[in-house]
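The data blocks that follow each hold one structure.
Next, two complexes with subunit A in common: one pairs it with subunit B, the other with subunit C.
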Partner chain A sequence: MISAAYSLLYSLGLTGLLSQGWTLTYWQQVVTDGNIWISLLYSLAIALSAMGISLTAALYLSLRHKAALQQKTTAYLLFLPLGIPAVVAAFFTYQMLAPSGLLSRVSYAWGLSESAAQFPSLVNDSLAIGIVITHIILAIPYFTVLFNNIYLSENVADLEQVSNNLGSTRRQTLRVIVIPLLLKRAMASIVMFLIFVMGSYEIPLLLGVSDPRMLSPLIADKMFRFDLTDKPEAHAMLLIYLLSVIAINLFVLKRTRLYAS
Partner chain B sequence: MILAVAAPVATALYMNMKKYILIFGLFLLVAACRQQDAAPVPSTWEEMVAAGSNTTVHLMMWQGDPFINSYIQQFVKPRVKELYNIDLQVAGGQGNQIVSLLMTEKEAGKRSSAIDMMWINGETFYQLRQIDGLYGPFTDRLPNAALVDWNNPFIGIDFQQPIEGYECPWGNVQMAIIYDSLLTPQPPLTMEALQQYVQENPGTFTIPNDFTGMTLLKAWLIALAGGGDALDGPFSEERYRKASALLWEYVRSLQPYMWKGGKTFPDGPATMHKLLANGEIHFSMSNNDGEVDNKVLQQLLPPTARAFVFSSGTIQNAHYMGIAQGAPNKAGAMLVINFLLSPEAQYHKLQPAVWGDGTVLDRNRLPEEWQEKFNNVPGRTYAPQRSAIDSLALMELAPEYMIRLFDDFRKEIIEK
Partner chain C sequence: MPRKNFHIVLVASVVIAVFPFVWLPLMSFFSDWNYPNILPGVLDVQQWKLFFSGQQDVRHSFLLSLAIATTTATLSTAVGFGLARTVSFGSRRKQGIFWSLLPVTISPVLFATILAFYFNVAGISGTVGGVMIAQLLIAIPFSIIYFTAFWTPRVMHMEQLAATLGSTPYQTFTQVVLPYARPFLLVCFFQTFIISWFEYGLTSVIGAGQVQTLTLKVYLYVQEASPSLAALAATLLILPPALLLWFNRQYVFKPLGV
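For the complex of A and B:
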């Protein structure tokens, strides 16, 4: 709250070394410029894509391959990405998917492409494929562990058994009981992941494009750039982002409560 | 990164506000207790040596180059320890981080800074002067300052702003374009030749969206404005508008043929060096004309890498050492800076196998034995000789040109 209040004062020209006094100019500039709104939507779209794919894959792994997850080697290989920092994961994606990367070279060696330039653009692309892939790699193990733990702690296997005894098909049990239960119990983590992806910095910095930009690179650019008079605008952008995060939190909390009731 | 941190913090604050207010309060209390005033600066050099010896000096500098790090850690650190028993502590941080740190300290009302001295360039000098973050004038207190030609405009003037003793030159460099002579046997030496090359070899050229990229655009802006000193002096909206219209027209003519179709731009020279080494692009660039030697010796670039300067010229500038206005150990910082300016330290730095950074000393002012040494530095192997590109050196422009180029490069090129 204190830092939000500080950002508010900064964005209104009421504090800061180069402050010229009360003004709404910075807010007007940020709101009318449009970059923050594009960036907000772009970041949300990337976060939702990464979340959707990660959750689907994690549900599949935790429900369909429970036995394999108990095996030491499989578990080790699957959970390895949990220990990888975001910046390392981003480099790994770059080395794999860049036009000069491993996949491109394999594709060239196998005669699937005639040159590196022909390889599809999977990093630094406006569809953010590289960014989404990196977040997925980092998130799948986390959600798999989470779902697996919830499955065990909530005795979901017993519920499945009861449902089957009452005549439900496996598909019905999954759709009506298991998946909603796992998602509901994991809701707080899912929302935190969504916010984490929206605010990620290193991954879009390395794998993103110059336009549109995700929120963190956009705001960091304004905050630390050559023109120090841009700082109040960066604080205004930061506040817009924080308000969006709080709005998402409130929305999800409300929905979760409605769902629970 | 800010947001990745800010978002969970905001949520946590939202959930557990009181606890965090208490922690923040305690933090402020501790910070206030650590507050101390900087010691007064002695008036004579003898007193300076006495006051600065047996102390710790905190230096903040960019640490992205192993050669530069090694020069500081393996050469400068032991020597200042030997000469003055100074414990030189180096912290990583470049331009914007230094400005942010000093700005935050000032905004928090902190009188004593966490750093004593820092490595800065013209961009940071301009920002630090704006926030009154630099101590000075101090260069006239350094005995080795007598070896510098302060009237040399590439040393005494930074971004069209006289340095007035608020920063001390450490090295002098000129922008150069790096290429692989195996891929490009005949590099394009003019803007027209580059245009033709890029059209014939699509995807092989790009401009970094950072200080280096803007420095290249500045050189092109000067060339399109008439060359030489056409844009010297204070910022002129009219001259900028005329020249920048031609510049964007030129860049737009290259854009569809640039790397990634000109839809995205690398974040800096380090990424470009990697792309060049991978063969994805044919040209990288650096603000240091000697960088190609440095990178070949580090095996980041192949031995076929070379560098050139456009015939219309490139920006030459110096990089400097500054002392923070709130530096707790100004005397110690001055002893270190004076050593960095010594013929011994400048000569060592000049060798390509060490760093390959141009000297700021005026060779005519050096004692004879040093003159001989400086004139016989092991030659550069891959970079053009300094004497060959000196005549193509352009002055840095007023800071407003850089601000406008950053904004307009985004508006006119990236977002179009």
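For the complex of A and C:
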């Protein structure tokens, strides 16, 4: 927080190369301009899409393929994406999904497209398909490990057995007991993942578009571009982001067992 | 779901998970990959020859990343282990966890923009030491949060029991706590190594273009439209974590019963 004091002073015109003294102009510009809110909503939409698909896939893998996940080699292979940095994942997605990428070439070879230009735009698109896919590939193994750990530590198999003995169908047991329990226990990690995706930088940098932009590239770009008049606004945006993260962290800590000894 | 589809989904998941580890190394042998060829006519070993002979920047970046990640992981594991004890057994546990959580959850590039001014004033921007200090500011809080799960009342009772039986604090630490903490320390080292090894945003801002780690090289080669060099750097980035995951599988997969 002490570090953020400089950002606060900068955003209020009290420091910086072009500082002209106390003013709320930069904050007014940021709040009324709308860029930060569009970026915030865009980042949230991407994070929610990636999270929804990842959680569904991870729940499916951890609940339907429990036996496979007990096999050392299969588990190792499934969890390999945990060892891929974001910048490499973005590069890989680009090589797969770009108009000149592998999928486009396969589609050409199978006669589904006649040129690279005909291949649908899956990277650097405003729908952020490439960004969402990359986050999904990175998140599924993480959530699969997490759900499996919770499944074992919370003795969910015993709960399933009791539920079946009491006459529930498998679907009812999953819907009413197993899935809510796994999601509730994983809530802190799910919210952290949401913050992580919303603040991601390398992936939108390689796979995103210039408008709309996700939060980190938007703020970093304003902060480091040559136009110094943008810097106070960038610091104001940074503080809005910081306050949002603090609020979410407080929410997570109040609602989860992280504080419990 | 029919049994056949059941297996198809699993096999497809494994293929998707493994494919980057096949494709990226393969791509590092591409010299020209013209559309619409699925694979180039010849595979070129030139990039790898240059890498092994040390005539390429990638080798320097690989060694630099390795040194930074190893140092960061060692220091953050050791410091985090000690600080987590203070946080866990102190009266301000909640505050300790909250302030540790903050640097871990903030976007690294934005965290770096907050720190950049202070690093400039201290004159450590653009230096390897500066990058390491910046990475420690993320890795140590991570270790603290991680080790709060270790420093439970059970460990405190073990310490008290050892003291009651006449052990000195040093003996308790080396002969009771450390052996018990060994798996935790290994996993924390592994995870903080990965945090540092994967780091891009913080390193690009605090490193100011002077500290070229492997992640920065991947981005640089993509910008330069040198996909085979980017694939070479990417291969070097993904292989060590894959190996670490394999050798640490007993700790990572143990809770899964594997």
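Odds and ends about this structure:
Assume the second predicted complex is superposed on the first by the 242 of 261 C-alpha atoms of A that agree within 3 Å, B and C clash if a C-alpha of one lies under 4 Å from a C-alpha of the other, contacts with A are read in each partner's own complex, and residues count from 1 in each chain.
Throughout what follows, contacts are C-beta pairs under 8 Å (C-beta built on N, C-alpha and C of every residue); 3 or more make two chains touch, one makes a residue touch a chain.
Predicted, not measured: the structure shown is a model, and the values here were computed from it.
For the composite obtained by superposing both complexes on subunit A, the positions of subunit B and subunit C are in clash.
Legend: residue contacts after superposition of the two complexes on their common chain; A:S121 is shown touching subunit B, with no touch to subunit C. Of the two partner chains placed around the shared chain by superposition, subunit B is the only one that A:L18 touches, whereas subunit C remains out of contact.
By the document's definition of touching, neither partner reaches A:Y142: not subunit B, not subunit C.
When the two structures are aligned on the shared chain, A:D211 is found in touch with subunit B, with no touch to subunit C.
Among subunit B and subunit C, the chain that touches a larger number of residues in subunit A is C.
Once chain A of one complex is fitted onto chain A of the other, the partner contacts of A:L242 extend to both subunit B and subunit C.
In the superposed model, A:R225 lies in contact with subunit B only, and not with subunit C. Clashing C-alpha atoms with subunit B after superposition occur in a single stretch of subunit C, namely 117-125 (options considered: 117-125, 135-143, 153-161 or 171-179). Across the superposed pair, subunit B and subunit C both touch subunit A at residues 3-4, 100, 116, 192, 195-196, 199-202, 205, 215-216, 219-220, 223-224, 238, 241-242, 245-246, 249.
The residues of subunit B lying in touch with subunit A in their complex are 1-11, 13-14, 17, 21, 24, 96-97, 99-100, 103, 106-107, 123, 127, 130-131, 203, 209, 211, 260, 263-265, 267, 275, 278-280, 399, 402-403, 406-407, 410, 414-415. On the subunit A side of its complex with subunit B, the touching residues are 1-4, 15-18, 98-100, 116-117, 121, 124, 126, 192, 195-196, 198-202, 205, 208-211, 215-216, 219-220, 223-228, 238, 241-242, 245-246, 249.
Those residues of subunit A lying in contact with subunit C across their complex are 3-4, 6-7, 57, 60-61, 64-65, 68-72, 74-89, 91-92, 94-96, 100, 102, 104-106, 108-109, 116, 137, 140-141, 145, 148-149, 152-153, 192, 195-196, 199-202, 205-206, 215-216, 219-220, 223-224, 234, 238, 241-242, 245-246, 248-250, 252-253, 258-259, 261.
Subunit C meets subunit A in the complex at residues 1, 6, 9-10, 13-14, 16-18, 20-21, 23-24, 27, 35-38, 88, 93-94, 97-98, 101-102, 105-110, 113-115, 117-118, 152-153, 194, 197-198, 200-201, 205, 215, 218-219, 222, 227, 230-231, 234, 237-238, 241-242, 244-246, 249, 252-253, 255-258.
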